[in-house]
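The following pair of complexes shares a single chain, subunit A, combined with subunit B in the former and subunit C in the latter.
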Partner chain A sequence: MIYLDYASTSPLKQKVLEGLHKCLNEEFANPSSAHKLGKGLAKKLEQLEKDFLKDFDPEAELIFTSGATESNNMIIKGLDFEDNEHILYNRADHPSIVNVVESQKTPRVAFDEKNLLEKINGKSRLLLLTHIHNLSGVITPYLDQVKEIKKKYPRLHVHIDGAQAFGKYSISDIGADSYSFSGHKFGGPKGIGGLFLNSDVDLKPLIEGGGQQKELRSGTINYPFIHALSLAYKQREDAQKVMGLKEMIKSELKEYFQFPFEHMNTSAFILLAQIEKVSSDILLRFLESKNIYISSSSACSSKIKGFNPTYNAMGIEEKYHKNILRISLSSQTNQEEIKQFCIEVKEVFKEIKHLLRK
Partner chain B sequence: MTNYKTLVLSVDELWLKGKNRKYYFKGFKNHVKAIIKRLHNDSTICRNESQKLVVESPTPFTQELIDALIWLPGLQSLRPSVEVNSDYKVIIDEAMKLVDQVGLEEKTFKVLCKRKDKSFPIKSTEVNQNLGNLIPENFPHLKVDVKNPDLFLEIKIYSHKTFISFETYKGIGGLPSGMTGHLLTLISGGFDSPIASFLMAKRGCSQDYIFFYAYPYVGEEVKDKILLMMEKLKRFHYRSRLYVVPFGDVQNKIAKSCHTEYRTLLFRKYMLECSSLLAKDINAHGLITGDNLGQVSSQTLENITALDQATSMSIFRPLVGLNKKEIIKMSRDIDTHDISTIPHDDACSLFAPDAPILRPDPNYLEQYYKKNDFTQDLKQALAEAEVYTFDCRRNNI
Partner chain C sequence: MIYLDYASTSPLKQKVLEGLHKCLNEEFANPSSAHKLGKGLAKKLEQLEKDFLKDFDPEAELIFTSGATESNNMIIKGLDFEDNEHILYNRADHPSIVNVVESQKTPRVAFDEKNLLEKINGKSRLLLLTHIHNLSGVITPYLDQVKEIKKKYPRLHVHIDGAQAFGKYSISDIGADSYSFSGHKFGGPKGIGGLFLNSDVDLKPLIEGGGQQKELRSGTINYPFIHALSLAYKQREDAQKVMGLKEMIKSELKEYFQFPFEHMNTSAFILLAQIEKVSSDILLRFLESKNIYISSSSACSSKIKGFNPTYNAMGIEEKYHKNILRISLSSQTNQEEIKQFCIEVKEVFKEIKHLLRK
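What follows is the complex of A and B.
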């Protein structure tokens, strides 16, 4: 099997699997319990938190959640808005931002890759940025401007969705108020992730109950998964190595694909490709029959033109909406796999080339 | 739910059948009994009463059973009835309860009381008159019309028991399943082929189905759609099978080797050839297609003729004289409409030439057939087909 869909989810790294297994077996106690077992785990947990926070901001807090979707929800729904204050968001972003913002009563203002600074004003309360875009791999150009923006608009909360960046790229010294991530995007388990949060932020909790995790998120603390998360995080992804693989695909397949976002600053781990004339679903199925897995435009293909609002917001022309592929890599990907992948793609094109000229 | 313990099923067209009548009636009865056995948990008695089949059980029949029976080919109508003690007050009460259930639409009705037991103290005409007055008084939207009523309130009084019925479920009519023979239907995800299948089912043809699955050019969702469609089509049959034939490779081979504008025609030709091979195997007498005339540009008389000439089996095209609107109306009537409209990728549209051939050149076709023999590929595809069986005696595949 050649798996090139790491941006959707990744398999557990071997060490994570082993560590998780052991931890589930031995460190099952509730860190909130008053006995020795619980207290011991509470201490370990504190250390794990510190290790994570070191990379973001040692003064901040870390709330463990079920993943970036929950963390994004916490911020969008939990922040207090005064009359006429609005949310700034990008329609091209992940549904856990766009759909949540659009379902709120809070006023919203959309921005894109170019016009953010024109849209911010004194009434802007929350700015939602995406560190690395989940489809195009574009690294947000606003990352370097966060501190400046914060200085000018101190009441503006800057939140970053880091689902595709955490564990792969540095998150220190960005200056954001909060940052969300998911474990399963970098070899950790599914269902665990977190929210970094500056300690002066006042947030209404999404999940209430026993008040575990600083009254911000209730529910028994999932120590084994948090432990596994930290194991995955310690085995950092190697962006430089992966960039080499990505460049290899780009040069090998340039006759077959266009790479509409590659003139921008993009992640090593995500490559968006556009095909002329052939629906990407067909290529996806040809490849799956060869045991190669990538992502295509849409999970559900549709006879109706296939208009995709996210692609539209990303600036992809509608005629290409059914012709988009996402190839996503990880440090676990090797050169052999990429070579084989390129060979198979060329094979498929040979097989269907007569369909391209009518 | 009403307490229906008796169902009266009228059979369509038996009067046409002279000597075959017994055979047809038996076929119909078998189908009914099979469905009852699956959906009814108590014993039943099934008896013939002139042109009708009467089914009785000690426990009430469910709506689910009634909903299944009304799709059986050959059923003209079904009337469920309640059974009460032959006590005048009880009869009137129950009759009013049944009437209360028909809804608020304005309708006309007629009361038809028959005293099988002449010792019953109240005469039929009196029952008729009483209810004829009582009903409009209580349900002003219902009016008496003795000549041409929308609804009949039937009351049959025996010495101990009385049967009351008011509702009529219309069946699809036609001839009992399998009475006229067995055919193989070429099914796709659209509007037409399910209706073609329905029309032939109504004429007593049992059927198996063949679906050409152009994976990887189309996705699994197309197959899922066909399976959903089969849930509707199986209602007409005692037993039928769906053959999902992998056809992507064959289609690609054809596309590679022919003039682009001939692709659509030649795909059809080899689908028909493949279907003929299967039909012979499963003893089907012919093929059913959803072909229409002129609905899409490739459906010319010339193309249809060319395909007939190149196929060894009879091809039945029951939709050939129908307009699209008529087909869509029928699809609503038989509940296939909402499945047909589920969007899906169509392999043919991917392969489709910008302008398909309208008047094929017989010489080119002859040469093409000579040069290209796909028999082995078709046999191979059939050998690799997935087969799903639908049996009215069983709940699931």
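What follows is the complex of A and C.
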């Protein structure tokens, strides 16, 4: 099997699987329990938290959640908005940003990759950025401007959705007020992720109850998964190595695909390809029969047929909406797989020659 | 080690651990992915869902969440309330009921184990019941009346928090509109649980985004954990066997403890003990030194010192608030452990004789 859908979800790294197994067996107690087993885990948890925070901001807090979707919801729904204050968001972003913003009564202003600075003003309360776009792989051009923006608009909360970046690219000195991530995008488990949050932010919790995690996220603390998350994070993804693999694909398949975002600064881990003469679904089926798995869109929008509002916001012409492939890689991907993938793609194009539009 | 804190959290059953390991390795794909791996898991997921629903109501829906706390939040925050409609809740219940209700602007009316029927009226929109109380183990006396209540007040949504009952006691024919549970209370993993929901209920989602799970709970579907949850559920807990163990404790330790809720209908899995002459914290420490782990309260409220509002609502006199132990069992508990536990408790009472209040 050649799996090239890591941006959708990744298998556990081997060391994570082994560490998780051991932890599930031995460290199952509730870190909130008053006995020694619980207190021991609470102490270990504190250390894991500190290790994560070192990279973001040692003064900040880390709230463990079920993943980036929950973390994004927490920020959008939990911040206090005064009258007429608005949210700045990009319609091309992940549905856990766009759909949540659009379901709220809070006023909103859309921006794109060029016009953010024209849209910000004194009434801007929340700016939602995406570190790495989940489909195009584009690294937001605004990343370097976060600190400057914060300086000019101190009440503006800058939140970054880091689902496709965390564990792959550095987050130190990023200057945001909050940053969300999911474990399963970098070889950790599904169902666990986090929200880095500057400690001076006043946030209403989304999930309330027993008051765990400083009253910010109730529910029994999932120590074994947090431990697994930290194991995955320790084995950081190797962007440089993966960039080599991505370049291989681009050079090998340039006659078959267009790469409409590759003139921009993109992630090593995601390559969006546009096909001229055949729908991506057909290509996908043929590759699948060769045991190769890629996506024609994000898993979250895999049910959308025809016009795709996200592609539209990304600037992809409607005539190509059914002709998009997302190839996504990880450090677990090797050169052999990429070679084989390129050979098979060429093979498929031979096989479907008669289906190609003229 | 003798672990008697299962109501706080349980270790994975051995078969669950093995099954989870295999699944994490082999079935890691995203069930929302359009390729064969994703579609295969989506199909398996549908079957797992059906298996669970058989016991609740085959016509209902099952939404997988991070656990009962999230499920309770979903109902309390997601239901539509018309002007002056109120929530009925019991102040003795778990903080994921009480704290959430009390943080909302929605009007609320408190009831207790005796006066519910006097409190319900045409403006009652949501009734929150607890199948088995997390501290006293009391099985709610209102369980048999749910259908009757629903008949009389069709707009009243009856929600049951089943965190301490699911996987242990039957939920069939229970007649509620929704029912929440957590995997880790019956030998499944932490971080996964569910919400059974009658399909005619209109619920605003708490976590929005990619629209997974019929738009009711976004976020990548955690197939391996759902699989593990179903494995845990297949190995149902044996209430009859465990009741035998509980009776052993009651008879062996009746000279040392009072059991203030045992005149009521209680769960086999939870035994609340009140100590006359010494604080539970001291007893806990002594037992801990003998490698025995029990709780002096729920893990969620383990930080509360002195007056405890939950104990108060449960009808426990304030002078006993520091003298409560919760002994909680599972099918994984065996007779040898209970014998040893009783011997050690007696031993401890000898050791601390000089500390006992006269």
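In the analysis below, the second predicted complex is superposed on the first by the 347 of 358 C-alpha atoms of A that agree within 3 Å, B and C clash if a C-alpha of one lies under 4 Å from a C-alpha of the other, contacts with A are read in each partner's own complex, and residues count from 1 in each chain.
FYI, a residue touches a chain if its C-beta (ideal position, glycine included) is under 8 Å from a C-beta of that chain, and two chains touch if they have at least 3 such contacts.
These numbers were taken from a predicted model, which means no experiment stands behind them.
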Partner chain in contact with A:E351 - subunit B first, subunit C second, else both or neither: first
Subunit B versus subunit C as contact partner of A:Q340, first or second or both or neither: neither
First, second, both or neither for A:Q235, with subunit B first and subunit C second: neither
Which superposed partner A:S103 touches (first subunit B, second subunit C, both, neither): second
Partner chain(s) touched by A:I282 [first = subunit B, second = subunit C, both, neither]: first
Partner chain(s) touched by A:T220 [first = subunit B, second = subunit C, both, neither]: second
Touched partner set for A:P95, first subunit B, second subunit C, both or neither: second
Footprint overlap on subunit A, comparing subunit B with subunit C: 281, 288, 300-302
Partner subunit B, residues of subunit A touching it in the complex: 279, 281-282, 285-286, 288-289, 300-304, 351-352, 354-355, 358
Subunit B - residues contacting subunit A, complex: 215-217, 219, 221, 252, 255-256, 260, 343-346, 350-351, 353-354
Residue ranges of subunit C in contact with subunit A within the complex: 3, 5, 8-12, 17, 20-21, 24-25, 28-30, 32-38, 66-67, 69-70, 72-73, 94-97, 99-100, 103, 182, 184, 189-192, 206-212, 218-225, 281, 284, 288, 293-302
